[in-house]
Every structure is written in C-alpha cells, then in structure tokens.
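Per-chain residue numbering starts at 1, and chain names A, B, C and D are given in the order in which the chains are listed.
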Amino acid sequence: MAFNGTVKILNTEQHDHENFSLSVAIPETVKPGQFFNFLATDSGMPLLRRPISVSGIEDNVITFTIKVVGKGTQYLANLKSGDEVALTGPLGNGFDLTTTKKRTLLIGGGIGVAPIKGLGEALRSMDIIVDSVIGFRENPILEAAFLKFSTQLTVVSEKNDTYKKGYVTQYLEQILDENEYDEIYACGPKVMLRAVTDMLNSRGKRAQLLMEEKMACGIGACLVCTCKLKDGEFGSKMVRMCKEGPMFYSDEVIFDE
Amino acid sequence: MAFNGTVKILNTEQHDHENFSLSVAIPETVKPGQFFNFLATDSGMPLLRRPISVSGIEDNVITFTIKVVGKGTQYLANLKSGDEVALTGPLGNGFDLTTTKKRTLLIGGGIGVAPIKGLGEALRSMDIIVDSVIGFRENPILEAAFLKFSTQLTVVSEKNDTYKKGYVTQYLEQILDENEYDEIYACGPKVMLRAVTDMLNSRGKRAQLLMEEKMACGIGACLVCTCKLKDGEFGSKMVRMCKEGPMFYSDEVIFDE
Amino acid sequence: MNNLDLKVDLNGLILDNPVTVASGTFGFGREFEPYLDLNEIGAISVKGLTLEPRQGNEGVRIVETPMGMINSVGLQNPGVHHFIEHEIPYLRQFNTKIIANINGNTTQEYVRMAEILNSEDVDSIELNISCPNVKNGGLAFGTNPKVVEEVVKAVRNATDKHLIVKLTPNVTDIKEIAKIVEANGANCISLINTVTGMAIDIYQRKPILKRKSGGLSGPAVKPIAIKLVHDVYQAVSIPILGMGGIMTGEDAVEFMLAGADAIAIGTGNFVNPTAVIDVKKGIEKYLEYMEIKSVSKLKGYLNTVE
Amino acid sequence: MNNLDLKVDLNGLILDNPVTVASGTFGFGREFEPYLDLNEIGAISVKGLTLEPRQGNEGVRIVETPMGMINSVGLQNPGVHHFIEHEIPYLRQFNTKIIANINGNTTQEYVRMAEILNSEDVDSIELNISCPNVKNGGLAFGTNPKVVEEVVKAVRNATDKHLIVKLTPNVTDIKEIAKIVEANGANCISLINTVTGMAIDIYQRKPILKRKSGGLSGPAVKPIAIKLVHDVYQAVSIPILGMGGIMTGEDAVEFMLAGADAIAIGTGNFVNPTAVIDVKKGIEKYLEYMEIKSVSKLKGYLNTVE
C-alpha cells in the first residue's frame, strides 16, 4: 500500500548551503531505494510533484535528504518542523536486500548518496559488512552516517583536497580487487552509473542501480519516466522508472546517448 | 517618481483571522489613496502583481493593510518582518487633500477602510476635522485608528450587534444633514460607492471615490483597468484606473451594469 | 440537498457522474486502485490503444512548463488484443464505464480496431483523431476536414458502439470539424487533446524531446480548452466531454457551463492521485451552494444572451 | 568578454540589441520611463493603432489564468494621427527603433494606414493580421491564407517601409501562412500574437469578458510559441521576431535557438517593469557562459540534424 495525504514535518536539518534533510512519520512499510512524491508548492507552481528517495528509515519515521536545485526543492527547503507537506508513497520497487549475505559495496555520487545511506543503515542492521565509496564535486554530505555503518569508507572529491582526488570510478577497480562483494549497489549521476556499469560488465559483475528520470505521476500511470531494458518484444523494452524501477540491475539497462 | 525594487519588511501586525498590516520603508513621497504593486509570489504564481493601497504614511515608513482573499494576499500574509518583498510605487493619483479646509467626511466599507485610514491620519495632521462612517460585514478593523483621528465616528456592521446595524448608506443621510462637509471621501465595495454616489448626486454633492479594478501592469501601460467617465470624445471616456485613478470624483464616473 | 442528481447521458452512454479520466493519464486504472475507489469514476478512457503493441518514443518524454507539461509518450501500449484479454476483465470489476481510446496510422487501422472492439465489452469507443496521418504527411487526421469526414464515416460504419470523437485543438476552425464529426454519426465529441508545444534545453542547445514537439496539457491550457468547448457547444447538438487543465470542482463546473455534459481529468491525476474524488466533491458543493439539483442542468447554463 | 555583439539585422531593420517590447504591452513607452532607460530597448512596437481613435472594449478586460492572462482591451488607442503628432516625437528622443503596429477592419483600412505612415518617421510597420476581418464574418485576417495574401500584398504595395507581419497562433498550419507572407514581400515575421482563450465566472454564470473570449498571453503560452517560431523558421528565410511568455534571458535564448532573430517582451513587462533590462542581461550572461560572441549566431543554432 501507499500513503497519500498530508503529514507534519517532525524534524529538519541543514547540512550545508544546498543540502538538507527532513523527516516525517508515515504509517507504511518503507524499503531503502523507494521514494515519495512530494507536492512542492502551495501556489500551484511547480505543477508536478517532486520524487524524493528515502534516506533513512526508523520505525515509522522516514527521512529524506534533498539538494536544492530549483523551485520545488527550494520550497521543501523552506519548510520547518511543524509545517505540513503533501506526499504519496512509498513508491517504486526499492533495492533488493535479500541478495547480499556477507559483504556489500555501496557506491554513491552527489545527492545520490541519500538513498545509499538509508540502504547502508538497513544492511548494517542485518549484520552485513558494508563498504562504501562516495564521491562529491566539493564537500561530502552525510559523511558521519557513512562512517558509522561502513567498514571501509572511501570519500572522493573533485575539488576538496582533504579527500581522495577525482571520481569514485577511479578507486572502484582497486576496491573490487581487494574484496569479494556478494552485492553492489549504486546511486548517482547517470554518467557515474554508466561508468560503474561498464566497469562491472567488463568484470562479469552487476550492481543494483537506483536510477532517475523526470516523472509526472510517480505511480506508473503516465509512462513519461521510462528506462530502456535489454531484450523484450521490441528487441528492447521500455519500463517505468517509477514502477518497475527506480532500481534496475546494471546488466539489463540500455544507457541511451 | 516611483520606487521599483525589493525592500525588507519592517513590521507586521495581524488584525484578525483575515486582515493584517505590514510596513516597509520607501524612499519616495507617498500620498493617501496611492497604491503599490506587489509581487506576491516566489514561485511565479500568481503571475500578476497585486495592487495594495497605502493605509499609513509616517515619514518614509509606509503601512499596508490587507485582507486575505486568495493566493496572492495569502503569500503577503505569510511574510514576516525581515523578509523581502518586491514592489513598485507609489502609483496612481491618490486623494486630493487640498479641497478640504475645515471639516471632512470619510466613508469606508470593508477592507476599503485601509486607504481611508491613511487619509484620515493625514487630514487630522492638517488640522481638518474628520468625521468617519465605516461599515463591515462582521467585525471592524482599524477601529482604534479611526477613533483616534475622528471627531465623530459611526461604526456599522451587518452582523455584529455591538455596532450600528446595517450599511453605511443607511446612516449617511442623517450625517450629511447634521454637518457641513467641504469634502467627502469614500472607498469600499462597488455597490457601496454606487449607493454613495446616487445619494450625493441627489443632493448635488460629490465625493472623491477610491475605486478598484483588476490590474495587470499598474503603471498605465496595458489598458486593462479602465474606469468609464462621463463626456469625452465618444460620449464617454475610458481612463486608466491605475494612472488617472484610482481616485475619481463621484459625479464623473459611469457605473456600469 | 443529499439528493443531487449526478447522472449524465452522453447520447446513449449514461454515466453515474460526470467525472471521467482522460486517455493516457490513468493507464488502465490499476495504478490508481490504491488511492481511490474506481467505482466512483464516471468513465475511464484507457491509455490510447493501437492495433499492435507499441513501445512508444525514445528519449526524454516530458518537459514541465509553466503550469503545464509537454509529453511525448508516443502511444506506448500493449495493443488492442492485450487490452481485450487482460484489461477489460480487470476494469469490469468496477462500476465504471469503459471507453476504448483508439489510434491509427491509417483509416484502415482505425476501422480494424473499431471492428475488433465492436464485439467486445466496452461501453464506448473514443476515436482519437489527433494521431499523425501517415498518408497525409504526418499531419494529424483531425486537422483536415476531408480526412476527418473519411475516418469518422468509416469508423461509424464499422461499429454500433457508442462513438466519441476526440478533437485536436490545433486547428483554425474547430466548429467546422465538430460539425463534420456530428454529421457523420458520432454520438459525442471529446476535447481538447493536447496543444502542440516545444521546449529547448538552451545549454545543450537541443529540443528536450527527441521528436522536438509534444503535447501540452495542464492548467496552462484551460482557457484555450474552455473557449474551444464553448465553440463546439455552439456548433453541434451532440454531447460534449470536456477536458484540458481540470484540477478542481470549480474548473469542472467552468467546462460544463461552457457547454460540456461531462468532463475528464488528465494531468490533474498526476498532481493529485485522488483528483477524481476531489473534483466530484467540488461539483457537488457547487450544486448545493447554487441550489441546482441536477448536474445535467449545468451544460451551457450561462447568464448571457447569445 | 565585454565585446559581445548584440546587433541584429531584421532584413533592413537594424536593432542595437535583440530585446524589443510587444505591441499593446508598453503603451508608447512613456509609462516605463520612470523605471528604465528607453535607449536600452532594441525596438518599441507601440500600442496597436487604428485609423480613427478607439475607445476599446466595455466591461472587465482581464482574467488572470494559470501563468497567463486573457486580455480584452480591444485596441483602445488614440488613432494613427495622434500617434504621428504626439508619440513619434516623444519616442524619437530615444535611441530605439519605432515599430508602428497597425490594425484594420478591412484591407482598405490597413492600406490607408500604411500609406499615411509611409511618409512618417517610423522604422517599421507591423501589420497585425490577428484582427477580426469584418468582410470575413469577424474571423481573423490571419487565419485565411487568401485573405493573408490579399492584405499583405496590398500593404506591401502601399509602403516602402520595413514591413513586419505579425501572425496569429490560432491556425492549423502556420507554415502555410508564413510562406504566403514571405512571398508577398514582408521583410520580417513576428509571432505569436495571443492565443484565443475564455474564462467563466461560475458563480455569476457569465463569461468574465463581455466578448466572451480574449487573448491569452504570458508564460503559459511559451511552449506553443516556441513550437510555432520553430515551424516558421523552417518555412521561411526572412527574419523572425519571436514572442510569447518571455520573462527571462533564458526564455529569450530559447526563442532564438528555436529560430528567432530578435524577441519581444509582452506580459513580462507587467510583472517586471524592468524586464527588458533583465532579459538583456540574461542574454549577455548566456552568451558569455557559452562563449558565443554574437547574438545573431543563436538563430536556430540547435545541435540537431534536421
């Protein structure tokens, strides 16, 4: 089932000038990798709801971590605890947590670390060993949370020299060489997911990718949010990012362009 | 000249569940009856600016008194002191204060008392005797201010029995019989202005009416805000509410419908 | 007033209430079952069907615009046979009318679909003439009076079902098209389909949609839709199913006063998954406030001398 | 890069920069003088002129809609003679081009105005063919290809001035109209004029505007305008002056990438009295960011294979 209605904001936290978290209580079972569709306006604009992944799940309290990139996310950033917000969810398939038994690798890029953080916390509570490699343009967010659940944590930054220099994919080969992972999860910009996929393909491995596409309904009705998968009746297959996804296996996705 | 830009809100005051005031500092000379055009959104919606009359002028501090009727006024109601707001003004002709020398009658209905209050304060400071008759559906607003500057104050309400019962126009005949006024000013709903006009016409008198019409530009460029006046080259004349008005003499206005 | 009469008769297609959902915005209903009682919907116009399954368009399929959206889904659908086998039985569980929205590249394709559906358990066929006409250089069927005449006549001959013809707003004179549709035996007219629109990513210097343009819908187009519904209302006497930007009960009433007998919610379903329920309640509230007992009284009920 | 080249050549009408203001939204410039330096404007298309003064429409003249507005001003203007006597001298104080927007009930009226203006100090005549054509039952001149041909040809013969023809978006095939306009000697095409729209006061049960429908403008129509500008760009080789919902420099760039040589701000002037300046700065910022030296490079500069 999915909740659809208005809830009070329990808590907000500002991480830096553009990233923040907020939490609400939702009377539904929520999985890491699922998302909620937020009404991000009280004026009618922007018209469409904003999909936001779950970044933390504790009993019924769900946390979201959000980067301000436009009007909708700015609206959400202005909300304070006690304010109301309308949302629908949980939506989407979420990550499959049953395929990892011992040791897992998490890969996150930019605001893509948000859902990965929720996943890491859940896996750790299942006694899985979690290694993480997370990359940022400048400063990391949610670093403390990753430190808490990660056995090995690699933080990479393009610009901040306190951290390893460059992109996550530059460190991936070595990490994959050093340890045996029974599952790999990744979320981040498309270019990163594609690079991760290419690297894993060449090693005959695959990851659970949490993908993103512009959405309208978020519930599978409008067909604007497609992901192209291999095989299927047309040689390829268009599936709904919001319904069959947003988690897809890296070896089934066709990256366009 | 007119100011066009963004200012900090100095002060806000909630009068009741739907009426509030806010003040800002504007480096321009402002007259009672003039208005400012407010950008009443940070999302783009509503698209058009909202015209709001000046309800108080003290040096450079201008106060506005506003009734929440829709999205735009609700946006303004949510602003707090310290917040910024974009506005343009002062706009319009405003009241003519030079025509009264001794004793003046002010007539206000509903939120129309807002500009009338600013006018009363200005006239009182010019040592004019000010009588006021103000009417409301339920409870009055700005009553204290009117008490302060009015020599005779008549407060009328359709529903609240603490006050005189009915409409302002019911008490107008008597007030006009009792005193000699060298000028009359009125602002309120169209029906009230029309009734006032009819009554004054029959007595061969006239008032300065502060009128209202939906606006787009507020500065005289778009021609959507017309008032129809008597005479003129077409037998009648369409003038701009925002530029030639919003103050018109009751004996020159053609009330349509 | 708890005895409001919400029934509307669309020339043989009788709806329990005038709130329907627009093709392409409600799938086959399944996705909304968690959010609302499908029995509450006057009719469901299903995702646009084609003879064969279609994969739809490549690339980005949506652009958000000021109070609107441009879509380029491109009729992704499982085909009419899958619809008959799997979706009709599902929808028949609910007390709502089923409208099959049909789409073709050629008149023959439309006719073939109408023939197939004629013996199936659908309550109405909605002929979507906004499709690009292959024979006519890709211009929409619905923009050319001659082509409209041909396709409506042919489909009318192919089926006894209640027939709705859905008009495109992208025409100079919608009255002319509406009259042809009426003269050729349609039972009802629905409008508006989406308005053609385009958007460019100025940093990539590329149209955002691969096919450059797509269909604009949502509140932005409401004033256009109201005008066109009113035009059609003045031109024909068959019933009208009005749509375009409806978000609230007040919007719905506006369409009915303009001349619609019933209305459809499209983009509104995306913004508010229970829009159907909220719009219905809004209509009821209006009727009570205005002391109008029957929703069918609203059609074209304007205080004006025409 | 402080040596950006903002000049554009609209086929003989050379603008210092591509930002102009749309007819009917800027009066004759006077009202904006307190807010901005009129020398900064590429060109001013003045309030639509008619042969004789006009009082304009009765009743409410505006409806606000989702991210748009419908106007029903009805060409209130002081007439072409007053314009020549009083407004041209005022506007000539500024370093901006003057575009006279002309409107008529009949082809003869248009011709008469073009003749009158031919010897006056205006830089261009903008023929607004969205006016209702009395002879043609009130349908807009610009919707009928034959009428377009007649009026453009006649006006072209009546004047040597730079001639812009302003197209209505309310047509099935704007390319056809644009080609006729080009073939009959126009120097430039401007578009879009407003989209026909309507709104109803559901409590009064009346159209809000006395004439029922009016012209929709503002951001809501931008996707429609972009599409039509791009269509016209593909159909003709004369320059295009694009407009419809422009609020920012980014919007302006989108129009130019779609095929416009210059742009006009309409409704945007109402929301932001310094829109012209802000849009111009936005264009400059874009050019700098993209390292493009000349604004004239933007026209149709899309990364696509047509």
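In this section, contacts are C-beta pairs under 8 Å (C-beta built on N, C-alpha and C of every residue); 3 or more make two chains touch, one makes a residue touch a chain.
Just so it is clear, the structure is predicted and the values come from calculations on it, not from any experiment.
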To get from chain A to chain B along touching chains, fewest steps? 1
Name the chain whose C-alpha centroid is farthest from the C-alpha centroid of chain D. A
What is the distance, in whole Å, between the centres of chain B and chain D, each centre taken as the mean of its C-alpha atoms? 36
Using mean CA coordinates as chain centres, what's the chain A-chain D distance in Å? 46
Junction residues of chain B - those touching two or more other chains: 44-46
By the touch rule stated above, which residues of chain D touch at least two different other chains? 63, 66-68, 218-219
Using the touch definition from the top, list the residues of chain A that touch chain C in their complex. 1-2, 4, 39, 44-49, 88, 214-226, 228, 233-234, 236-238, 243, 256-257
In their shared complex, at which residues does chain D touch chain B? 24-27, 30-32, 34-35, 47, 53, 55-56, 58-64, 66-69, 71, 73, 76, 218-219, 267, 269-271, 273-274
Going by the contact rule at the top, pick out the chain D residues touching chain C in the complex. 63, 65-68, 70, 139, 143, 170-173, 195-200, 202-207, 212-213, 216, 218-224, 226-227, 230, 245, 250, 253-254, 257-258, 286, 290, 301-304
Within the complex, chain A is touched by chain B residues 41, 43-46, 71, 75
